[in-house]
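A short worksheet on the structure shown next.
By letter and in written order, the chains are A, B, C and D; residue numbering begins at 1 in each of them.
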Amino acid sequence: MLPDWWQLDVTEPFTLGPRRLPGRIWTASGCFGYGLHAHDFRSPGGEGPYAGIGAVVTKTVTPAPRAGNPMPRLVETACGALNSIGLENVGFDAFLADVLPALEVRGVPNIVSLAATTPEAFGPMVARLHEQARGYAHWHGVELNLSCPNVAEGGHDFGSSAATVARCVASARAALPDRALLAKLTPNVADIAQLAVAAREEGADAVSAINTVVGLDVDLRTGRPFLPRRFGGYSGAAILPIALAKVDQVVRGAAVPVVGVGGVATAADALKFFALGAVAVQVGTAQMRDPFAAAGIARALARGPR
Amino acid sequence: MLPDWWQLDVTEPFTLGPRRLPGRIWTASGCFGYGLHAHDFRSPGGEGPYAGIGAVVTKTVTPAPRAGNPMPRLVETACGALNSIGLENVGFDAFLADVLPALEVRGVPNIVSLAATTPEAFGPMVARLHEQARGYAHWHGVELNLSCPNVAEGGHDFGSSAATVARCVASARAALPDRALLAKLTPNVADIAQLAVAAREEGADAVSAINTVVGLDVDLRTGRPFLPRRFGGYSGAAILPIALAKVDQVVRGAAVPVVGVGGVATAADALKFFALGAVAVQVGTAQMRDPFAAAGIARALARGPR
Amino acid sequence: MIGTPISPVSAVGRVTANRYVSSAFLRLDIDLGLPFDFRPGQFAMVNEPGPGGWTFSRPFSVLAAADQTLSLLYRVVGRGTAALAELPAGASLQVLGPLGTPFPAPTAERSAVLLGGGVGLPPVLAWCERWGRKDDIACFGARDGAEVPWELLGPRWHVSVDRPNGLPPGRVAFTGVVTGLARTLPGLPGPGRADILACGPLPLLRAAARLAQERGWGCYLSLEEHMGCGYGVCKGCVVPVVRGGSVRNATCCQEGPVFAAADLPWLGEEDGGRGEDTH
Amino acid sequence: MIGTPISPVSAVGRVTANRYVSSAFLRLDIDLGLPFDFRPGQFAMVNEPGPGGWTFSRPFSVLAAADQTLSLLYRVVGRGTAALAELPAGASLQVLGPLGTPFPAPTAERSAVLLGGGVGLPPVLAWCERWGRKDDIACFGARDGAEVPWELLGPRWHVSVDRPNGLPPGRVAFTGVVTGLARTLPGLPGPGRADILACGPLPLLRAAARLAQERGWGCYLSLEEHMGCGYGVCKGCVVPVVRGGSVRNATCCQEGPVFAAADLPWLGEEDGGRGEDTH
């Protein structure tokens, strides 16, 4: 049952910066791979896991392939999870050669998540992407991952300074005239709105908030942290109130469109972000548990006969 | 079943700064009132809710009485709670006149939590406290609440600057020669270790980490935040991994004794803080649910025949 | 005025019965494994035992206590009560109680007018069972006849319903609100000769306060606030009470849930004349 | 080599049976309400349905599938499996499967040496039920005789136990590890004439790889890694595989759980000669 104030259909196209996107429920980066793993998945309802999804934000790719962090990389906690994947990815070349064309062929609406170790590295990556994918109908934009706390080189500090956020966004924006540009912000700062302002001022069309929260869990058998790098990124239901707070701070403090991420598992969770003014919502950890999660939320928040 | 590496008895006295405290499991400020509400509570086991507790950290008192924030003040979330009590308290005068003597008479080991609106206000408060309670056997110290995010005047920003933390600690330390001085830190900063360093340098005997995390929840019936002030302090099981991460950062980055707080409901939760090097652990939200929570944890983590 | 307080007990009890006693209300019996006593108007905090369960326990008025068994009456409204309703006999429950300030005990000079609405029944029913005298008046209001837990109500109980459907054969009910019902009863006490003791939704409490004022009766109301701790330590449940012109916060869980209506002047104000007892 | 892949299905099923089939193993049957097929070695992710449940689903090898019913065999090790063990018939469960790369199908030239340890039984048992030929060898190892789910094992299964207690009357078992048992069997195939298919704890897998090497057999091992998604998207379950001297991460959930032992040279290294099959 949808509340009275709810007037949107999240499966209808909407405008984000220079681009029309097919819908407002997305999958979050790193939680649905490159969007190519679930095409043959079936469910009794009949609709596939991509039905109604506005975009798959692809796993963050870096200029070179990355093997990621040592195992174990995941810890389940009482109401969420810690991850320390360490941005394992195929690298930008393979992504452009193999992944992006496959997404286009399969018609998966997508936003490409990028990370780099210097702000100025984003421009050339985006330029190459733009050159190759210029004619693609399903490539809708770029999300700059400015916040992954797991990467040793840069990592945590990278996205916590407004000045660096500004440089990253400026570099990417110059190379991306006709697709949406999003900056994904870290919650591990005192004042996230300030980062969002920096992103907006350099031309970001929206910010995504939030990435994972720094967390740690201890293995009582050993008395040491479960994760070899001690800290992991905390995600899942436990971080929903934190993500809502950060999104509210950005919506009211930075006047930039916000894509809400963090702890969304149900349509009700997603509605909370929309209630605060988010323009779209991403499903992360819940999508790992259920490849149909985002599609189910989209269906629940579509209006009209269904 | 206690793990092999566990060697402490949390019900044995230990030294904190200039003081011997009777034990390492405490109740957290604001979650057990002034420590005077549960004296007649019974349980089948026979032991009372104060048995084995090292200290009750009393509800934060401010120079003047405070009526607190508008209702509602509490929201339960999927795995924790948001509160916006707004430091309702009887005020420092009434605390000194009525509460502290009662704690002494009843023999409740206690640490007095104080808040003020300027750093230099702490000194005179501590001085008055010291004067009145000098001879008290059960008053063990002061915890400076530098982090309550709910108070409009100052509040959130108050404890997030190392310079302010330093001033607060310096002011209080000068007036507190023979009791433990703790600074309670906010987690809502990028670098908590830096706050802890500031506290240590000005003579704090320990820091308590963490206070609540800024959070928000939306009432779907109205589409607006549940709490009149939008944000609340997030506590309970959901924040345990965040608190563990912050404690680890302080232990390894600030070389100051740390009292762990956040999400502790069981002996296993408390052990995780001790594993990271915390010298004591506080029980907050779980104590609200079960007045015997801290006592139960203390019993579970006492060694020897029981 | 009500004797020495009863020490609250914290115990894990065992569900011995948990069943619908009307279309909407369930009665839950919990064997606490130790004696339990209470005063009518007091409540207990209930939760799943262990680290599972809900962050905050749920408050429920005590319906009855016989030896080691505590009984509650509840309706499913959210996730906690939904989970309660699923509990089979034998399940464990964490209980803390009795808590809070009860209704006043009877006095020789004044009779009691008991008004219960919906799941506000337990405290007034408990009062009636323990202390009810011939002259006391007991009224219970529900949405319809099916919602009324007839088996719990003795013959002295008058019943009102919003809609007169669902009445079992041989049962009668006044159609209207519970204060409306009370007004129709013969031989109502004169001014200064009665106290209303009421528990139920806010409109009922407002109407009760107004009725008491009209008739010159005393009035005690059991309020509901969302609770964190239930035993006075968190200040999450405060209610403004006004005495001698000055307002202060009282904890609903400890200084309440029963308050003298005289201390709650805002009850009338907020109403703005749209009181349920006007229809 | 194993035919067209089977599309995974996501469905909420209904528990039809959930009972101990030995002192430590439970068999769980779930009616999925739609046809379910799998290849031996594949697994399913299981969770409580709805927003409750665990953040990550739990992986379990498929023991059997008959029409719409999926069967699992499991042991209680932590909070998820403890909750599973509590489920009564009629309870709902979220299932995603079949997932992962199965054991290779049989080939005419080579027989199979099936080695299962503990709850590593399901994939090798399923292989045996579907494809087992006269010459294939099936060995199962457990801690003791009581732990062995005798009712699931046909007469062709050889059994080893760490301790020979708890054996039902008329049952025999080799005392020692399962690879030790295999070594004692008559008529073992010659080099190049068999593949080991093994699933169980790491020491068993190491011993299996060593046995295969000694005998000149092929070897396929089903690995266990903690899993986030189970379908390849999170990279939380990677295993280093070495081919042609270069290492890369393979997902245990998608490229595994079955790997050729040849691709896992680290298996032997970490062992450091303390292999369980030496005792």
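Note that contacts are C-beta pairs under 8 Å (C-beta built on N, C-alpha and C of every residue); 3 or more make two chains touch, one makes a residue touch a chain.
Bear in mind that the values here come from a model prediction, so they are computed numbers and not experimental data.
The chains in contact with chain A and with chain C alike are B. Using the mean of the Cα atoms as each chain's centre, the chain most removed from chain D is C.
Centroids of chain B and chain D (each the mean of its C-alpha atoms) stand 49 Å apart.
Remark: chain A and chain D have CA centroids separated by 35 Å (rounded to whole angstrom).
Chain C and chain D have CA centres that are 57 Å apart.
Annotation for chain B: residues 77-80, 237 touch two or more other chains.
In chain C, the residues that touch at least two other chains are 51. If you sketch which chains touch which, the chains link end to end in a single open path, with no loop closing it. Pairs of chains that satisfy the touch definition comprise A-B, A-D, B-C.
Of all residues in chain B, only 30-33, 37-38, 40-44, 59, 67-68, 71-74, 76-77, 79-81, 83, 85, 88, 236-237, 265-266, 285, 287-292 touch chain C in the complex they form. The part of chain D that touches chain A in the complex is made up of residues 5, 7-11, 33-34, 45, 47, 51, 53-57, 94, 96, 225-229, 231-238, 248-249, 254. Residues 3, 5-6, 77-80, 82, 160, 188-190, 213-218, 220-225, 230-231, 234, 237-242, 244-245, 248, 268, 271-272, 275-276 of chain B are the ones that touch chain A when the two sit in their complex.
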